[in-house]
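Note that chain A is present in both complexes that follow, paired respectively with chain B and with chain C.
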Partner chain A sequence: MSGRLVLAAALGAIVLAPLAASTYHVLLMLPFMAYAVALLGLNLLFGYTGLVSFGHALFLGIGAYTGAVLTSVCGVRSMEVILVAAGALGALVAAPVGALCVRYVKIYFGMLTLAFGMVFYTFVLKFYRLTGGDEGMPFLRPALLGWSLERMPKTDYLVGPYYYYSLAVLVLATLAMWRVVGSPFGLCLKTVRDNPTKAETLGIGVARYRWYAFVISAVYAAVGGALLGPPTGNVDPTLAYWTQSGNIVFMTLLGGFASFFGPILGAFVFIYLQDWVMSVVPFWRLVFGAILASIVIVAPGGLAGLWERRAVEREASRA
Partner chain B sequence: MRTTRRSFLRLASTGAAVATVRLDGPPARAQAGGPVKVGVLTIRAGIAAPVGAAGLRGTEWWVDRVNRAGGILGRTVQLVVEEESNPKDTVERYRKLVLQDKVQAVLGGISTGVTLALGPVAEDLATPWLSWDGTTQKGVEETMPHPTWAFKSVDNEVEAIVAGMLTAKYFKGIKTVAGIGNDYSYGHDCWESYKAVLKKYAPDVRFVLELFPKLGVTDFTSHIAAIQQSKADLLMCSFWSGDATIIMKQATAVGLFKTMKGVFTTAGGVHDSLKKEFTPEGLLLGYNTMYFDDPKGSALLKQFVREYKARHGEYPPYECDHAYFCAESYKAAVEKAAAQSGKWPEKAAVARALEGIEVESLSGRRSWREDHVQMCAFYQGITTHRNPYDFATISPVEVVSTKVAMKPAGTKLFDWINSWKVSRG
Partner chain C sequence: MIQQVVGVVMSGVFHASILFLVSAGLQVVFGVQKIFNLACGSFYALGAYVGVSAVGWYAAAGGPPALFIVPLAVAGLAAGGVGLVVERGLLRFVYDRDETFQLLLTFAVVLMMEDAIRMTWGTSPRSTSGLYLVYGGVSVLGTTVPVYNLIVIGASLAIALVIGWLLTRTAFGRIIRATADNREMAEALGVDVRRVFAGVFTLGTALGTLGGALVIPATAAMSEMGIELIVEAFAVVVIGGLGSMRGAFVGALSVGILRAIAISVYPKLEMLLIYLIVIAVLVLRPRGLFGEARA
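Let's turn to the complex of A and B:
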């Protein structure tokens, strides 16, 4: 089956899920779609630019807290305003943070991003009166495209309008990122990843392009973070903790950072596998970790890499 | 008609089944249906895992006891256990219990950071949720004053309020107080509540130091040095996990309690780790809502402590009682609602029946207040080594009801404390 057919089938399944799947499994699709948006951005930095960030929970947190502050403090309920504000704030914070971080690569870049992530985590934990500290802040139900939908039961709201709204955001974010990675700008990023010295010789400002990638990835992560808020109804510092950063890096590895859709697949498998293992085994972290480690060992290019490898082998056997 | 061996056996087994139905049992229509599924949310990893384990053990003991006695209205109870972790994941587990596992009620919830998110979800999913230890308080003020489905724990700061009252009783004449608590809302709220209460009883007392180390810190050397330096008459500590044991060890090693009184509002949660070798006599120690060695304890408590020790090799902490109460009150509410309708009650009828219901729990009579907050008693006392254990216990045992130590429904905490008329005899 060609990639386009698989993609169309997957999109069709996601569109039809609220009609066919159980309410609970439809609800689980909401964090999947939010993480998928964030991972599209993270993979621009990781897969296309060659920089592994261990602090992107910082931007997830910024997005989620932006929504919480706007809805519960400022009285702004428009999801469109929340998404724009989250993206703008993500870019605003990413600009100086990225300017500092992209001067380094490899583990130094990773550690710096981790440090900035933990600074933000400490900020939301410590500034209790501003952020609610460990108790977090409520993220009140946002209006979608001007419809308040306040009277609708929360679950109906989530599996209906909010589900399709999140899907629309994911599709738009995917199309935009598809254009970005396929553009001359995307090719420049790949050159920076593969051979920064050559890129510099060709006149590509390596640090500048890394910074662009960092800021764009932060905008995506912040938008993803804003989408994470309404299903829980409360945002708290654990959204910005380093384990969140670790999870999204792992989702990318699991799905395959070399593939455009790999991280999205990784998010899907991660969320549903975790859900299943959590219910079956009390010490699920041990089992979950072992399963994920096995997948990465068996398929170093991630699940998408495994699928692509098999497709190549099939082509070769046919030839 | 010829009776075959098979038809005879069928007839005999039917007869045996009919014969085993007790004449005083619940009505037959109430027995319809399979086991009643009850969801449990409990912490299984991290610093609060022992608290979660104790709650789950208390619930499992209740299930064994209820099922041995024939279940609830003839239906056995089946637990579906999920993990409480961060708010996002716990909300997802909660939805799974209700939407996927179709439980009749959800028990559990320990961290208020998590239960603040669970409260609105419980209201949305229209299933009774009985929280063990988590509230829907933001700081010390209620965020859900009129819930329908959410039944919340005792206000977090009650142990600090009780400790403030008992500090005034047992440590008369103290002039200066130092405080240490974890750097999150519970630690800060306990300290503020304790200060407000103690000021009512001893207006001249001065609070000379406050320290808030991060939750999970295990080296208190610098904190203890600062406490010594403060030369306070008394140290108030609201640690509730293994850090209470660690600071006790480290403080005793430098002789802190030779010059200073000590108040540990919540360390009773790790009571059997407070060994005599490093836990001095004469400290005020809080056991929250259940004291395992209560000399006036009921037969139920004594049986529970005996069986818990035999099964788990340790003495039960208070979380068992929160969990037992939630489960037992659910059972009582189902029976009360069924008595009115004559059939297995709808969830809404159970939620209504829970309001104001009072049952016998491990620690004595406990009830749900009209605003769905637990009412119970708090146990605190002065540490003693005169016991058969290798750890400190308390004597005398002070029992303070939430009727006097918890803000009434609809009031603000500090307005309520400020309204107290206190005799300073």
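Let's turn to the complex of A and C:
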């Protein structure tokens, strides 16, 4: 029950944030919401299916570059079209890539996804006539729900319409994922994770279910990637580099891969903590590496895991 | 024509010999501890920076330039000591955990090392000025090849032979192979697995740092060199087969030479070609050329 209360409070805070918080902090919410969408998908693969991808930056990159190409080359400025196209392209790429990757598990799965991610990264880096190389491509301001907001000053646009647009996408994505993991399909994925042999005996096609999870997670990552574009107005290849894949796995682990909302919390803490650490010392990787190491060693359940453990202990002491 | 071919092959083999050292370190750690060490690239970068500093001090102390390779190699090997710190300080806590967590822990080391290097040596590239040409060059079939490259290639070959001898002909090697094969049985027979793991990880790290130190006269040390090299070393071990030393050797040669050819023929293909080969190998023959069959 208290979980629901926390959730409602969090949502309320996010809705009211642009009215109360400083513009700077509101702007930081934009990458948070974009990553949160991507992480919902990544966690379907990591937390629910038990496969850790070290190449999901590939799909972030596909989403972001789809938006950049559509707005700055094809002249398409509708954000809805961009999101749908990003998701569709993500699925289109993930279908064959996933079919190859899900034949393996654990370290081999991680390595294969990393290799595919690097193929995409090298492609966008080297074919600069198509992609702008390391300078990237402009992601022009998209129209939201058919409203062209060209005249609005950039900050007003981002903290106003675009903020609520991102929030709406995040809420919709969360609801959809909630349905997915609660459905029989979601239960099948968990069975595949916990006991593949048993799942196979029960008539669940293990490889097929892993493939479904892979494709869905890619669609989420591509949509998240497309959302990342407008705030910076530019898309560059670092978004698809393998360390970026590592970072999003880090966010998931930080929040807690065993919990539905864990990864969203992870994205939030990662982004604000990174911003704060960078304002104090220039070496955020050192601090974050130490945080990641301590999570892996001491609290593999992440922040959500700590919360749940506390709740369990409170229950126990009450009984 | 023939000059070009020799030039391409020689630069490929030079790169391959550095790659071999780093991937041999990756292989020995994976073979024994079953940990895929993402930080091997960071150790390589560390070795490079320590090498630059060592050579700098050596030159400032007035040592003869012709012998600069001695402090370079010593510094490279000594930097391997950081492996012991990482193993005792971090990795030993996760041996019983899922592979995913081990992988993520080495990713944490990647993050920390990158900034530790920036803190110590700054962000601008460092290089050893001019030492590369101290040994001059020799003419091979009409192409001038720097002697230093030949020294590194020779050293790498020698190290390959020493590792082979160590693993197959000595008691230490037998213990390592037994532990890799069956850790519990080795432990039951009185092998102190903790010490074997600490030793193996330090050895793996030292190979990486030595590779970094040896490459440094030929190129500049940059803080990103580690995360860039890891994906190449990764290609090497996938092509050669995870955990196999022979695989590291053949894989490094293939990646080194293919990359050199791609750069001279169609530079855009450079790493793209390598990754496509990696994917082909993983799909068609996931254990690589020399990897052990997995159930």
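Just so it is clear, the second predicted complex is superposed on the first by the 312 of 319 C-alpha atoms of A that agree within 3 Å, B and C clash if a C-alpha of one lies under 4 Å from a C-alpha of the other, contacts with A are read in each partner's own complex, and residues count from 1 in each chain.
Quick note on the criterion: a contact is a pair of C-beta atoms (placed from the backbone, for glycine too) under 8 Å apart; a residue touches a chain by one contact, two chains touch by 3 or more.
This one's a predicted model, so the numbers in the text were calculated from it and none came from an experiment.
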item	value
Chain A as common anchor, with chain B and chain C clashing or fitting	clash
Contacts of A:44 with chain B and chain C, given as first, second, both or neither	neither
Touching partner for A:285 - first (chain B), second (chain C), both, neither	both
Partner chain(s) touched by A:232 [first = chain B, second = chain C, both, neither]	first
Which superposed partner A:76 touches (first chain B, second chain C, both, neither)	neither
Which of chain B and chain C A:24 touches, first, second, both or neither	first
Partner chain(s) touched by A:246 [first = chain B, second = chain C, both, neither]	second
Common interface residues of chain A - those touching chain B in one complex and chain C in the other	126, 283-285
Chain A-touching residues of chain C, taken from the complex the two chains share	36, 38, 90, 93-94, 97, 99-101, 103-105, 107-116, 118-119, 227, 231, 234-235, 238, 242, 267-272, 275-276, 278-279, 282-283, 286
Touching residues (chain side chain B, partner chain A) in the complex	44-45, 81-83, 86-88, 91-93, 95-96, 99-100, 112-113, 116-117, 120-121, 124-125, 138-139, 183-185, 188
Chain A to chain C touching residues, read off their complex	52, 54, 100, 103-104, 106-108, 110-112, 114-116, 118-119, 122-123, 126-127, 242-243, 246, 249-250, 253, 283-286, 288-290, 292-293, 296-297, 300
List of chain A residues in touch with chain B within their complex	22-25, 27-28, 31, 125-126, 128, 132-136, 138, 153-155, 228, 231-234, 236, 238-239, 275, 278-279, 282-285
